[in-house]
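Handing you this structure, nothing more for now.
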Amino acid sequence: MNVFEQYESEVRSYCRNYPTVFEYAKDDILTDENGRRYIDFFCGAGAVNYGHNNDYIKEKLIRYLQEDKILHSLDMYATAKRSFIEYFEEAILAPRGLDYKLQFVGPTGTNAVEAALKLARKYTGRSGIFALMGAFHGMTMGSLSLTTDADSRTGAGVALHDVTHIPAPYMFPALDTIEYIETILCDDHSGIAKPAAIVIETVQADGGVYPLDIKWLQRLRALCDKYEILLVVDDVQVGCGRTGTFFSFERAGIVPDIVTLSKSIGGYGLPFAMVMLKPQLDVWAPGEHTGTFRGNQLAFVSAKAGLEYMLEHDIEAETLRKGAIVDQYLHREILPLDERLQVRGIGLMWGIDFARIPGASKEMITACFERGLVIERAGRGNDVLKIMPPLIISDDNLQKGLEIVKEALQAVLAAHPAQ
Amino acid sequence: MNVFEQYESEVRSYCRNYPTVFEYAKDDILTDENGRRYIDFFCGAGAVNYGHNNDYIKEKLIRYLQEDKILHSLDMYATAKRSFIEYFEEAILAPRGLDYKLQFVGPTGTNAVEAALKLARKYTGRSGIFALMGAFHGMTMGSLSLTTDADSRTGAGVALHDVTHIPAPYMFPALDTIEYIETILCDDHSGIAKPAAIVIETVQADGGVYPLDIKWLQRLRALCDKYEILLVVDDVQVGCGRTGTFFSFERAGIVPDIVTLSKSIGGYGLPFAMVMLKPQLDVWAPGEHTGTFRGNQLAFVSAKAGLEYMLEHDIEAETLRKGAIVDQYLHREILPLDERLQVRGIGLMWGIDFARIPGASKEMITACFERGLVIERAGRGNDVLKIMPPLIISDDNLQKGLEIVKEALQAVLAAHPAQ
Amino acid sequence: MNVFEQYESEVRSYCRNYPTVFEYAKDDILTDENGRRYIDFFCGAGAVNYGHNNDYIKEKLIRYLQEDKILHSLDMYATAKRSFIEYFEEAILAPRGLDYKLQFVGPTGTNAVEAALKLARKYTGRSGIFALMGAFHGMTMGSLSLTTDADSRTGAGVALHDVTHIPAPYMFPALDTIEYIETILCDDHSGIAKPAAIVIETVQADGGVYPLDIKWLQRLRALCDKYEILLVVDDVQVGCGRTGTFFSFERAGIVPDIVTLSKSIGGYGLPFAMVMLKPQLDVWAPGEHTGTFRGNQLAFVSAKAGLEYMLEHDIEAETLRKGAIVDQYLHREILPLDERLQVRGIGLMWGIDFARIPGASKEMITACFERGLVIERAGRGNDVLKIMPPLIISDDNLQKGLEIVKEALQAVLAAHPAQ
Amino acid sequence: MNVFEQYESEVRSYCRNYPTVFEYAKDDILTDENGRRYIDFFCGAGAVNYGHNNDYIKEKLIRYLQEDKILHSLDMYATAKRSFIEYFEEAILAPRGLDYKLQFVGPTGTNAVEAALKLARKYTGRSGIFALMGAFHGMTMGSLSLTTDADSRTGAGVALHDVTHIPAPYMFPALDTIEYIETILCDDHSGIAKPAAIVIETVQADGGVYPLDIKWLQRLRALCDKYEILLVVDDVQVGCGRTGTFFSFERAGIVPDIVTLSKSIGGYGLPFAMVMLKPQLDVWAPGEHTGTFRGNQLAFVSAKAGLEYMLEHDIEAETLRKGAIVDQYLHREILPLDERLQVRGIGLMWGIDFARIPGASKEMITACFERGLVIERAGRGNDVLKIMPPLIISDDNLQKGLEIVKEALQAVLAAHPAQ
């Protein structure tokens, strides 16, 4: 690991949680160069929902490479891209009754968000954006202006503008945040102008695993309609089946105006990102948002294969089934261990909140890693242990992983007795 | 192509230049689904310097995939990444006497620039940045604030701040732009504060193919030293051998404080980006700039293989040799055709400037495409035809491509007679 | 009036409410060029609390002019200024146990606010400011960024930055706004950084006459102390006795860190403005905030005389006494006329809120003017008739003015029957 | 002076140059409380062009006060205001063939500039402003964004946006700054969008007394016409006859779109400010820019009287005559004393530039004061001694003042021998 410490910037972070050098990965297992195996409850921060090096997808990738099909083509027309578009429209959008045009952007979630912001501002002619407290939307200047994490914001080195942060609905129980938004929109002395868009994650992941209430989502959609504000759903982390439906907003029966996708939409962990926009919003001028790696053909191949795999293996239902296992385990085995703990979650994304046991979440990362489990934390104070396995995790490994969490928790709690 | 027109956003652009659907690519040739072959003078906007689907690199990629080595690992330690770092330090940096730490960012050039801006601002505690008129540094909010293209800037939908644009040295012959910068730094009534960094491309590509003068680059380096301003070289497009040396700044014998790399550094057209920073600048806090696809292992494999290939095949020297062929051809065969034409270039990046023949550059794209050549344009008014083949282009295809340019030019000029 | 319509910009506004040409003014009476007299419930927007052309002050001004004492001296030392400072410290600050240094700024309230913002930012090293929804703090770019009126903000023509608008405490009964502020300060994912200052009016005037609760003010002071945030009270309109104490914050027993004063502090309607700052905040560099008319000596004379007059005539107590008359009249004579009406007020500033009778407030202005009363409106939708006579108004004219309001109201209500 | 040191903020500045307490002022003489008399070469920073306590104006002010004419009336119609408007249109604008509407703003120059910026942005729909390096336009956030002095800008405590600073024409002799502006306007890769307005002082005062060339001003006017950019002339300091014509732009025969006036337009040193705008620009909504002291009636009285006095006493011609005296004196008596000195000026505003004698300008202030002359410095490094007497200065006092400058200079130079 000397090489990394000597030559890689101090900005490196996850490696600090997991002090080993990984070499192989398969489905729900990571293997380090010493052959030690780790169950993966981290899932590449949500980028490998269909598992590491999924065989079905892998075979397509290798064949594509072997055939010398075109790899890099920017936004020129190419056969792999056409196959993806056709499949996405037919197998994903049409069955859900969704009508979107697709924009392929630089292959990062943050780039998709940047594109969404530009489009919303252009379409409406307004400059302001509303985002929720607790939100994470990326680390480039535009998306970072939405992101709420204080350290990330400070990192900008300049003031971040044109965004108003609205309390998340779970923050002030006595405050109806939809009414709050409507009030400040209607009050000619609120100091806050009507925004181009309201951008949300339907489940705040980085904020600490907070699924937003279905009713609230529906009322937000109605509010946006009433005031002609665009509703942007950032599904970069919680899309692609994570919550039990392919798009995270399906559970609320709402249709966003713009959707951003990245991470698992690439299928195999290959960089990929896209924006879905309602056809009437397509006021883009050609080339108005570009990027050298937009439309990476290899990722189109894995993206399509990933969708095929997802549908073939009924991943949405499987996610709900496995999510129920986690839910039950957390309530039966974890919560009873200490009344200071809280759990929240949906589908296969769950959080154990250690806010009331200072220091414990960090110790949990290490205790789990030592026991063969890769898991991260998030949320306010970084206090939330985030359980996010690949959706294809075997029941056996899911159970083992949960048991490791429990064992680790018992060890950590021993050092943090309740008073 | 109906599928694209129906479902893909109007933002798509290159496809409008080349109305066909590509299927295969090999080295310096693109092939469409009808089997028609095109010589590539576009080179994925600089992303495939070592050719499309380079066999040497391809073999490594396929093997890596077949072995189920880890693909997605964020900034966890991994063997492929270590191999890349070691090789980059030993084979690239050390022989050039360069001492940099490496930061792997979201796999787009714009992301590397965003990281460089954050770091420069943090390190210096200053917020302003100087960029050159004519510059292109990306399309996300931070990098876009540097980018000069009016349409791209308007696309932001909000005002772009904290950047001062300095006249490029070629713009006002009577103005010594180094003196200009020094004057506004020293003048307590210039209205412009000392910046954190001056960001440049040593060859402005999107600005219209303008190689900056070596003396000017050296004086800029001295100026930055004198005033403790960071010099950031954006080598996203003109690095990786394009100018005849691996880093574009080598010809001037200068050492930037920060260097951004993307495009061809990935070796095979896979998304990849990195920042090189002098060790003393490494004030990053862990995780202060992140991204899900930073450190994509498959790209580490192709990146390392690409470097091996480059060194093995003496690409730097080859680039200079082929560049001389282009140079000679342009001066002997092209310029004499019409005195309104201008040419500029370095290494294997050349521009034919049609500024004085309105409308001609666009017609050239089409005329070349019809004759089997893929080529793009750039620059002020989009008036500069940009010759940028893969560095590995065969002499034969290089010659053929140039002849197509000449033929196309003769056809286009026929419709634009000099008065 | 042709002259005005022909040559004065369309920006003129109050003249549209009162279509006549005024010539004389005395105490609580305005007289137009036709000799028509109007009771003044407008009070120069709060600038002539001690009455128009107050004889006591007038005599001092004329004598100062006759003696050729220095009038214009920027911030050079001058005898009139010294007299003012001495008197202000001894007769105003010392008896109240207040310890402030004084800064004389350009003679407008907005300039005082601009200075306060600069100082708060410099002292704390933070850039953000919190202001309340409903606030008005001025019309120059810095103060305008705090002001909430949508039309005024749009008038800026550029985005206004670095200010977060907090719900005013009366806006959401279920929301404890002090807790709200504390939560967003403590939440590392609120997206909102700790501000340099919280700027308030203790009675929102332009927002629609909303006196803030004493407990709330005290809790805000405690919150600012706890988090080392500066509390700035903008007393431009509601200082100088308007609320029944000289400083509006006295009723809450709090001591702001910075206080802005203008309007009636000049005593006679002469332009004047100042900032009071706690001694430890005095980190100003010499000349760091300037203005040609800072420290206008004639206004120092009238300002001192105004304070003398105020103390001599027990204006604070008189204000409370007259305020009670208005209070009683509004509740006994006005409110019973229509259940859609609401009244709010403190001291000699009262509002009748016509929000539920659309259009009525504008008609009230005209109906009052026709009956010999000058009165303005403010607030959300401009729906609040604002009763703000000079503090020295005679009981007789106060009563007459109130009766005119009642008569006008009866006439207006006749055209707006409740359904 | 203890009172000031104890109670007045450290921001006070001019008092540090002139350590005494002033009591009287008359025409061109200031008198301190010890009866010591000082010739005034400072002129209230340009605010008392017609002399301190000018008898003609004084008489009108006292009578107005004695008659209890209305003093404070915001922008209600009033007789004094009408008289001013009529006189200004007939005696000032009409004879010069100028057609402007008048806007009365908060009584500070900075407020006039803030209004001009709003109007220019609203009228054009553009946000950017061009200002010249060396410019001073005020200290509130909007005007401060134009002001170039580094210390003043830093004082903002936040980044200042939306302004591009253009090199002043005297800064780079080899650079044609009109061509420079045109180039960046036409270059679609300059990174700088077409501005709403170009704001200039025709003579940069704070920048160090730089009269701009007539040809340059005419070419700028033509450029603004060509590109439909508004030309704003800030005549706050150099208007009202200072340069030898009432408006400073008259010498160039140009007509600005917007003109800002303050300082001496009030006639007597009373706070006053106004904006002149071409009738077609009058797109203001009523009340879109306001201020409590806009349209101060007492200042209308003195402003009108000041104009009468100016015309009656042929101040424009007198200014040129006296200016020639200064010009001659500086070239015959001052410049020969040391070859490091430079002089510049126009009308009755002249600068002696000590840039090449570090420290000398500050010593000059003190040496002059000790000899009975009040004079200030400005410019880069604060190195320019600024000779700016009231325009009505007697020939005798002008001569005496110049002799004091010479004596002081000889004393100062003795301590700074040329090497």
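As written, the chain order gives the labels A, B, C and D, with residue 1 at the start of each chain.
Quick note on the criterion: a contact is a pair of C-beta atoms (placed from the backbone, for glycine too) under 8 Å apart; a residue touches a chain by one contact, two chains touch by 3 or more.
Note that the coordinates shown come from a computational prediction; the quantities given were computed from them, not determined experimentally.
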Self-check item: Which of C-D and B-C has more C-beta contact pairs
Solution: C-D
Quiz item: Going by the average position of its CA atoms, which chain sits the greatest distance from subunit C?
Solution: B
Practice problem: Could you please state the distance in Å, as a whole number, between where the Cα atoms of subunit B are centred and where those of subunit D are centred? | Solution: 49
Exercise. Express in whole angstrom the distance between the two chain centres, defined as the mean CA positions of subunit C and subunit D.
Key: 31
Quiz item: Distance from the CA centroid of subunit B to that of subunit C, rounded to the nearest Å?
Solution: 58
Exercise. Mind pulling the residue numbers of subunit D that touch at least two other chains?
Key: 127, 151, 158-159, 161-162
Quiz item: Can the chain contact pattern be summarised as a line, a ring, a star, a complete graph, or none of these (other)?
Solution: complete
Self-check item: Complex interface listing, subunit C residues touching subunit B
Solution: 158-159
Practice problem: Within their complex, state which residues of subunit C touch subunit A. | Solution: 127, 131, 133-135, 146-151, 153-154, 159, 161-163, 165, 167, 171-172, 174-176, 180, 183-184, 187-193, 206-208, 379-381
Quiz item: Along subunit D, where are the residues that touch subunit C in the complex?
Solution: 1, 3-4, 7-16, 18-26, 30-31, 33, 44-48, 52-53, 58, 61-62, 65-79, 81-82, 85-86, 89, 101-104, 106-111, 114, 117-118, 120-122, 127, 138-143, 145, 151-152, 155-158, 161-162, 196, 236, 262-263, 268-271, 275, 277, 282-293, 296, 298
